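You will see chain A twice below: alongside chain B first, and alongside chain C after that.
Coming up: the complex of A and B.
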């Protein structure tokens, strides 16, 4: 825990983007009774400025976060928040603060280390807003969590179904409208109402689901999984190829398994990993392997494994995943993201992967996998998509 | 019939070999150590490892493989936490599973240290010992003996370090993990080159771990990695007594790149460079950088001498 406040009020708070979670985070930040300055929407520039000032081979979430900070500071923010998660996230804040200070920015920073539990952080928040009470913070936390759940449920539905819309863009339109409304909801009842109404709207969208549709699970490191800009919108790309997309790493799930339940959760994952993992591999690595194994057993057609280039826990996981893929001839596409990863390269690889999966479906057990096996062989996957 | 235990000469071997060798020795178990790192070991490691694995882990896999038919078991520790509020680099969490899944045809002996969750080294290593010696008291005695030998050894290293620091002449602190510093292919060429050029090398080995943790706080409040705290402890404790600092980082090590970034920004006044070692590193390139670094230090010293004379 570590807080340094800006020299003078008013404080203008900002925090890095991750998917649409700026919605619940904004709700939380409101309790600080400061002006909130959202970083501008992510663009290539965000990554460029972030990467320019980052250590060269730090993992890419660091670079995106730093880019968000710089762009937020340019917009007038003066109090930055950095939160936990991942294996090095806990350490991002201190280095980012040093870099930004050397760049000449004048700002304060709240570095939230440790868990997701409110009591770990209330002290920091109280320094920003002395009027904040535990009760009020708790209430806000519960609201933000509810909002997060609504967000995750709706987006889960979109992922599974958007690939089959009859009219292009139908899901996206409803999704956007949902985000707009959810952002203004400030009580439980409204949130529940918005969630069920939009779920109804999504269900009403006409779809055509082919018999041979592909079901693909996405596993990997949390940031690239949850920040679509950073994964080059891989979920949308899959949807375009008529894929039912499943993803299990969401903030709701992470909160659910955090704190005291964390160890039990890991034990369960290990127990269901088909002996491909015996000890926790760090951050999301164990989950990546265990979920892949479980999805394979559930008859999924394939798995996409996403990670930032050099991400250690996921590199650990890949040793298990490559063996699993080999021993069970189960298709896994490994994608690494760094600042140079190109969209074209990604699209080509997705095309090839989906084609291979379809071929396997039509002619189960024959040479189809041999083609695919080439993309799967250890060492064949390149660092950049 | 004597069982043999293979010790891969990589990663934590460079920190704990005295502990391991003494422990197994006391149990009448023969240990076999893989050879010094060489091209073949590295090449095999690269072949076995996932592309983006850091160089030390690639070497580790090469060493494990080199022991495949040479020993009955291969020892691979899994280290998570050695104290509350800190953690080992993620590669030590995964080392056992990574070796198991990457190298075919081996039998591993693992011990798990996760102090934060109440799993300590003594009972874990004793459990390993019981594979060979049913008498538990004997195993515990072997461990205690090994642990004190380990402490004696590291204390001696710290003393030697002080001796180096007391000598006259140019001294350079090389900040890097033992598994990089002492590896035949990674740190050794650098240390040798410095030595040949008359530079005394002070290593960042620092075994007073309690002191290291306190000192580390002066540079970094939040750094969570146990072994990096030791590096920072060495940095704080030695930096004013050396003429230059070399940060040795292996590609693409995240913890080290973050730590070095912070150090380079915070440690002012002593000339410092960062050397990134990868599997393709060219010795010629390294030499050039080291030469110009030595020149830089000498120039600084001359200037200081002139200023002092005025």
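Coming up: the complex of A and C.
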């Protein structure tokens, strides 16, 4: 049990942002039957206040979370929720709570430790709302999961197609409208209906896909992958450069491979990594290497690897990724994020990366190109290019 | 009149410009310090270039810009092509050295490596965090030792026993250097040690995990330092080629890209006499406070950037233009 309640009711509950997942998290939080105070939209101020009160060398997700908490407390929240993680993130809740108390805030905190299983956390939630039953929590969980799936499916479609829209902003407009409607959906049927209707609307948007379009996969640490503000909107930036963007780290995928299936999933990733990983690297590191290898085999043009500066599991992954890149002449762009907000450096690197991929593509007979595409058997190849 | 193409590379420390003909031959070249004022530097480059070309025989029909001030310069010159410096350097170098397989680049504030195979760039990296392995590090240490940075190379070549200096970080390197000097190491040895430290830092950071194969071309301002060139040869075991025009490769590359773009609009060197002004202002429309930059040509809005939403640009543009308008009215 790791919950400390505020001194008095009414409780006003809040939680950090991550992409658009505040939509399903809000649905869950509603079961606590108290007012929900969403932190303001992420801005540079969020990062400024978060970074000012964070240890200098902690990773960037910590700083964003802390900024969200401070801005939510300023809006009147008094009960904060923090989840665990597969790296030192698992300890962030404690540190953030101590920092916020030192700053003089009066609040309670629910820390969800030990994974994604509902029955481990129901006790914490029941202390906030004694009327909550396991049955009701389970129902809400299923609904939130369905909402998450709808969100991930729509955003996956947007990522893969927005780069080719004929009219600027067409995808974003539909996407925004979708988010607004999904936020109000509270039953399975409505969620399914919204998903399929908006998928239809997205499919109806006129696009022009060039013959030489680039397919780029994004791998790396989950927070900077899923929170666009923290990665300086790298997916949109790629789309602007006419890229079909693929990302596999989503909350739906994480839930699907959590709990009992987790070990089997890791084993599968290792088996499909072309011998570039032999044991689990911690957090998302195994997936970063294995997915990169799989994308290379599927003929992707390149991979972007994103991580917060100092992220240990992803630093582990980079050693393997660099070898993979070298041995197969497969382009991987490594990007580290910290509290910098200037996009110039990122844009320069993305421009150069896309130029490079296009130049490679224009020479189909290139030996370096043929290597690494579909045909190779795992472990059997060593590049001679 | 034959067609010519202008390429301008505006870096943090130096500004470079070339005019080339349709065959890629350099007709005019210019290289000078940016001195924190890219617009003024570009105008001076234009003056030098104009003096070298025969205005009656050639006409500049397409302009490309690159370097960290490429957007601003692109707006000022009305450039047809604005390209990142990595691509520009690769294109420029490949035009002169088609067989190159590795390009080392160390400039004033950044350093990069470009891996080329069969004439196509296949991988690159840029320094991410600090300036320890760049030209500005060398200049600051030169000041400390009271030796002109241009003479660094000769000093380094005279050294028989280079001093070991930690090149990981500017602060560590500096304290290491002071310590070695105080315990009696010779100036030449210390300078040779610094050159080796730069190379070690570069290969360990920028070049990390990359397959460095010859032929290697080394360019950027630091390539003019023979001490660093020797240190690279020692560390890689390959001969290092340094082109006489090595510092101009970015400008040459972007001029070639402009030539190949097929976009042509007659360009006049007269743009030198036009007044350009830049205004940087925080939008303050939301807590994000985007830093929006507006470029004014003769007091009128020309271009702007830095906004994350269209409202930001409108807000700042209206404010700035209203101010400029009232100023103009008062005159």
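The criterion applied here is as follows: the second predicted complex is superposed on the first by the 360 of 385 C-alpha atoms of A that agree within 3 Å, B and C clash if a C-alpha of one lies under 4 Å from a C-alpha of the other, contacts with A are read in each partner's own complex, and residues count from 1 in each chain.
Here is the rule we go by: contacts are C-beta pairs under 8 Å (C-beta built on N, C-alpha and C of every residue); 3 or more make two chains touch, one makes a residue touch a chain.
If you're wondering where the values come from, they're calculated on a predicted model, not measured in any experiment.
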| item | value |
| --- | --- |
| Which superposed partner A:45 touches (first chain B, second chain C, both, neither) | second |
| Larger contact residue set on chain A - chain B or chain C | B |
| Partner chain in contact with A:336 - chain B first, chain C second, else both or neither | both |
| Partner chain(s) touched by A:242 [first = chain B, second = chain C, both, neither] | neither |
| Touched partner set for A:322, first chain B, second chain C, both or neither | both |
| First, second, both or neither for A:352, with chain B first and chain C second | second |
| Touching partner for A:360 - first (chain B), second (chain C), both, neither | second |
| Intersection of chain A interface sets (partners chain B, chain C) | 319, 322-323, 336 |
| Residues on chain A engaged by chain C in the complex (per definition of touch) | 40, 43-46, 319, 322-323, 325-326, 329, 331, 334, 336, 344-345, 347-349, 351-353, 355-356, 359-360, 363, 366-368, 385 |
| Chain A residues within the chain B interface of the complex | 2, 55-59, 62, 87-88, 90-95, 98-99, 102, 111, 113, 263, 276-283, 285, 309-313, 315-320, 322-323, 336, 378-379, 381-383 |
| In the complex with chain A, residue positions of chain B that touch it | 47, 49-54, 78, 80, 89-91, 93-94, 96-98, 100-102, 112, 117, 220-224, 251-255, 257-258, 260-262, 265-266 |
| Chain C to chain A touching residues, read off their complex | 68, 83-87, 90, 117-126, 128, 208-211, 286-289 |
